[in-house]
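Chain naming follows the written order as A, B, C and D, and within any one chain the residues start at number 1.
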Amino acid sequence: MIKLEQVSRVFPGSEVPAVVDLTMTIGDGEVCVLVGPSGCGKTTTMKMINRLIDPTSGKIYVNDQDTSKIDPIALRLGIGYVIQEIGLFPHMTIAENVATVPREKGWPRDRINQRVDELMHLVGLNPGTYRNRLPADLSGGQRQRVGVARAMAADPPILLMDEPFGAVDPITRARLQNEFLRLQEQMKKTIVFVTHDIDEAIKMGDRIAVMRDGRLVQYEEPDKLLSMPADDFVATLVGRNRSIKRLHLIKVNDVVQNETPFVTPEASVDEIRSAMEERKTNTVLVVNAVNKLQGVISRAELKGVEGARAAQIAQPVQNTVEWGATLNDALAVMLNYGERYVAVVNSREELKGVITLNYLLDLVRDDAAA
Amino acid sequence: MRKYHWLAIALVVALTLALVGCGGGAADEEWVFATDHEFSVRPDGLPDLQNVYGFQFDDVITMDLGVTYGALKEGQVPAAMGFATDGRIKAFGLVNLVDDKQFFPVYNPAPVVRAEVLGEYPEIEEILGAIGPRLDTDTMIELNGLVDIEGQDHKQVAKDWLLSQNLIDPEAPEGTKGPIKVGSKEFTEQLILGAMSVFALENAGFTVVDQTGLQGTEVARSALEEGEIDTYWEYTGTAWLVALGHEEPITDSEEAFQKVSAEDLEKNELVWLDYAQFDNTYTIMMRQADAEAKGITSISDLARVINER
Amino acid sequence: MSFWEFFITRLDRVWALTLEHAWLILVAVAIAIAVGVLVGVLITYSRPAAHGALYFCQVMMTVPSLAMLGLLLPLFGIGFTTGVIALTLYSLLPIVRNTYLGIREINPAVIEAARGMGMRELSILRRIKLPMAFSVIMAGIRTATVMVVGIGAIAYCIGAGGLGEFIFRGISQYNKDLIVIGAVCISLLAILADFLLKRTEKRLSFRS
Amino acid sequence: MRQRNRVLGWTVMPLFLLACGAFTIYYFVENPGGAMAARLLIYPNVFKLIQQHVLLVVVSSLLAIATALPLGILISRPRFRTLGLVVENVVNVAQTVPSLAVLALAFTFLGWGFNTAVFALWCYSLLPILRNTYAGIRSVSPSILEAARGMGMTPGHILGRIELPLATPIIMGGIRTAVVINVGTATLATFIAGGGLGDLIVTGIGVRRTELILAGAILSAVLAILLDHLLSQAEAEFG
């Protein structure tokens, strides 16, 4: 648990304090996102937690210990720290980068090596391929994964993340965010996450702290923040399309449906037709015995192919989202491919179900009504 | 601003041409004198020489000692300073002007040794003292010539001569005593004399640290006084005027040696060993043909010619 | 006597003086690296000190090497030691400057990341700052070494020994062969030193 | 503000340096520290040596600029691309050759004197100017050149209005380096009868008179700083 009590910070030579009288508590296992326009004091607040910056007044407690009484080195070794990809050490290999904190802590070599492999697997980088590469040889997304792995090397209970996905393209960013959320589900770390992107905040945060001019304006769960903004500033920040933004908050996992019919690859044309009739849809998905998605068949493809099997006429499925994505991702995919549904698959490409456009429309309408 | 570029380039070219045009050589009838650095400031050097003889060169060019001979030979200057024992004077067709007012003192070289070292190894007196009396003017001119004209190595020249005089054996024994630090100044004669000291000491079973080739009198002298070297060959006149700071030059060899050695022993605990037979005096040189054509044989003649222009 | 005959008769001397020269450079540059990197690192912690030191370096570099040698002469006497001191002073300047600039050029985010992860200042220095500034520091060392090879020749004037002997003796004896031997040996020594340092740098530095 | 800095740069700093030089001359001529140094440290003599030194530096530097600049421009032209690379590599190696070696080698085939010294200084200062001219012009981004060509500028205009102005800081850096090196190397000219402040220094070393060494050293250092400053000032003016 991290507790800030009336924390203020004034930088020398500056009349305006960077952070004023900030009091907040971040619960264990929670992702707390600090969000606000640049210069609002969110990064300063974060850096005060690991004492890269010391508060001018006020107290900060980490696990009920006053941080000003802990040696800053010991404090930092117990807190993971992720910044944009530029924070990687360009002269060290990926393995060396990841091993930084364990080496600082004086772990034995074997244990470090083992841990590095483990972490690289965890963030989806094959150690055999990437261990001895330099950061410059990696793509932006890969570098960001290294940054996360590096912060988690010594398995710290707390992570500080300063715009960790800021420097990558939107598609990669969305993927990294999803991966990270999935990791967090297993790890249950206490995370302080700084961003200026309200969408990212809504997607990532268990609680969101909106800051402005060094003050905490509202500290709420994302859903509440969207439905009940504390003042005009927050309302403007979250934007007029709040209801659509709520789509960010709902995971496909929670609402996946089975409206589109499935057939086996061996199904005949008649079987396919009847499956469509049964659910009154124009498409049918082809799924094999181990539930793996093989393709899709629409009414148009059924013309003049009497006697063929489903596997022969199935088209590849492009409109899929991964398990753990949000409804917003699902909507984006639908719009992209002009389909009224998306297929939800897990990382082994097994079909988990579908989400339809009608469902989304209902959801947004309900919101607006409420 | 852009037009300045062409302006700047044009300016550069113009200035260059102008300066190159100005930088022409000296006019023919200019009396330019070539000297080394030390001679330009010594009490027995150019400024006082000009005062005593009452004339003034138009220009003085300072250069490395040894370059003066070549400069004179090639006709780039009409007069230059040199050393009387330098082999190049004869070889280059130069002539020494007579020092008719006896401006220059005598300069007999002798090994000067720190008394402290001599106290520990008294045999050094005999070893180094034996060299000087066998060196007369002709010998020294010849030895210098071997280096400066023939291009032989000064060490080889020194060794060959010592062998020919039976002062050393062909193979030096293993060094067991010492070490003795031998110095010398930078010019050829000093290098030869220094090398002779080195070989003679090595022949007598000393380990020798070779510090020869020091830049100038004062460097060598203060090195000796401060114990950075133990011995080097100094000239009586130079020691009298430069090191001991006297104003009146001594023109008799024996008198100079006696006075210098007595004072140096008393003041600086330095012992002068037996001096060489030759007097390596400074000399004012001209090309032989040139001097004859102008009827110059002495420095007074030179002064007269320059003043009567 | 042809040049080559002349050269062969002096081969021993050439070799001895080249070694002497190289040793002079080696000692001076080694001391300069130790002191220069230390000073360069220390001044990164104080802006006024850094400005002062850099300005001092810039002014010192304009003092002609001959003058510097002359000024040290009354203080330290003739010989190898004075030569080493003068060469060390000269080679300090580019090393201090480049160490400072090399460390200052590092992206502050990298250093903050290291601090944020709990690295101690000493290990940041050893594992982040110095390795990342390595190529810039090496460039300083190369500049210093090449420069000092040349000044080493002039240091013959104050009895530091080395290849300057050939040049100065060649000039005063009007002996062209001696001058050529001296000039060529010194130049080769400088080129060789530069080449070796370049190789070392390539081998030790990370790909960028 | 910038205007004021410029005026100050042309007046205060040079005047201060000149005053330093004048004081140095005055102090050492009045306090030569003994009869030996007094024979050399007299006003006409010191002024003659300063004049020689300045002449050595200025003539050789101007010659070097006048040759290296056009040469650098020439080898940076696309059609001399290979030549440029060759020259660049040769210059990089040649720059490691010590100045004393260049001076001594020049002496072996040109004999002693002012002209030899100028030649050696010219050779030596050619390199940094040539290299920086080439590097400066090559550093101009190809997209800028393409834009200029696309707008229909002639090659001459591209050189005069785009390449040279953009390369000016680097070229001026080379010239400044060359001039400062020249001031230092010119002190060595005395060994081959080139004159200059080296006369004071070498004589001072020879007869161990600190006053002579100091006078020569300070005056040459002041000269180097002054020329460097004036050049940086000129760079700010025209750059």
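Here, a contact is a pair of C-beta atoms (placed from the backbone, for glycine too) under 8 Å apart; a residue touches a chain by one contact, two chains touch by 3 or more.
No experiment lies behind these values; they were computed from the predicted model shown.
With centres computed from CA atoms alone, C is the chain lying nearest the middle of all the protein shown.
Two chain pairs, B-C and B-D, are compared here, and B-D has more C-beta pairs in contact (counted per touch definition above).
Chain geometry summary: the mean Cα position of chain B and that of chain D are 35 Å apart. One finds 88 Å separating the Cα centroids of chain A and chain B. Note on chain placement: the centre of chain A and the centre of chain D lie 61 Å apart, centres being C-alpha means. Within chain D, the positions touching two or more other chains are listed as 191-192, 202, 205, 208. Annotation for chain C: residues touching 2 or more other chains are 73, 157-158, 168, 171. Looking at chain A, one finds that none of its residues touch two or more other chains.
The complete set of chain-chain contacts reads A-C, B-C, B-D, C-D.
Against chain D, the residues of chain B that register as touching in their complex are 1-2, 4-6, 8-9, 12-13, 15-16, 19-20, 23, 25, 34, 37-38, 40-43, 45, 47-48, 61-64, 67, 70-71, 74, 76, 215-219, 222, 242. Contact residues on chain D toward chain B in their complex (touch as defined above): 35-37, 39-40, 55, 58-59, 62-63, 65-66, 69, 111-115, 118, 160-161, 164-165, 168, 190-193, 195, 199, 202-203, 205-209, 212, 237-238. The part of chain D that touches chain C in the complex is made up of residues 93, 95-102, 104-105, 107-109, 180, 183-185, 187-188, 191-192, 198, 201-202, 204-205, 208, 210, 213-214, 216-217, 220-221, 224-225, 228. Residues 107, 109-110, 112-120, 123, 127-128, 131-132, 134, 206-208 of chain C touch chain A in their complex. Put simply, chain A touches chain C in their complex at residues 47, 50, 52, 72-81, 83-84, 86-92, 100-101, 104, 134, 136, 150-151, 160.
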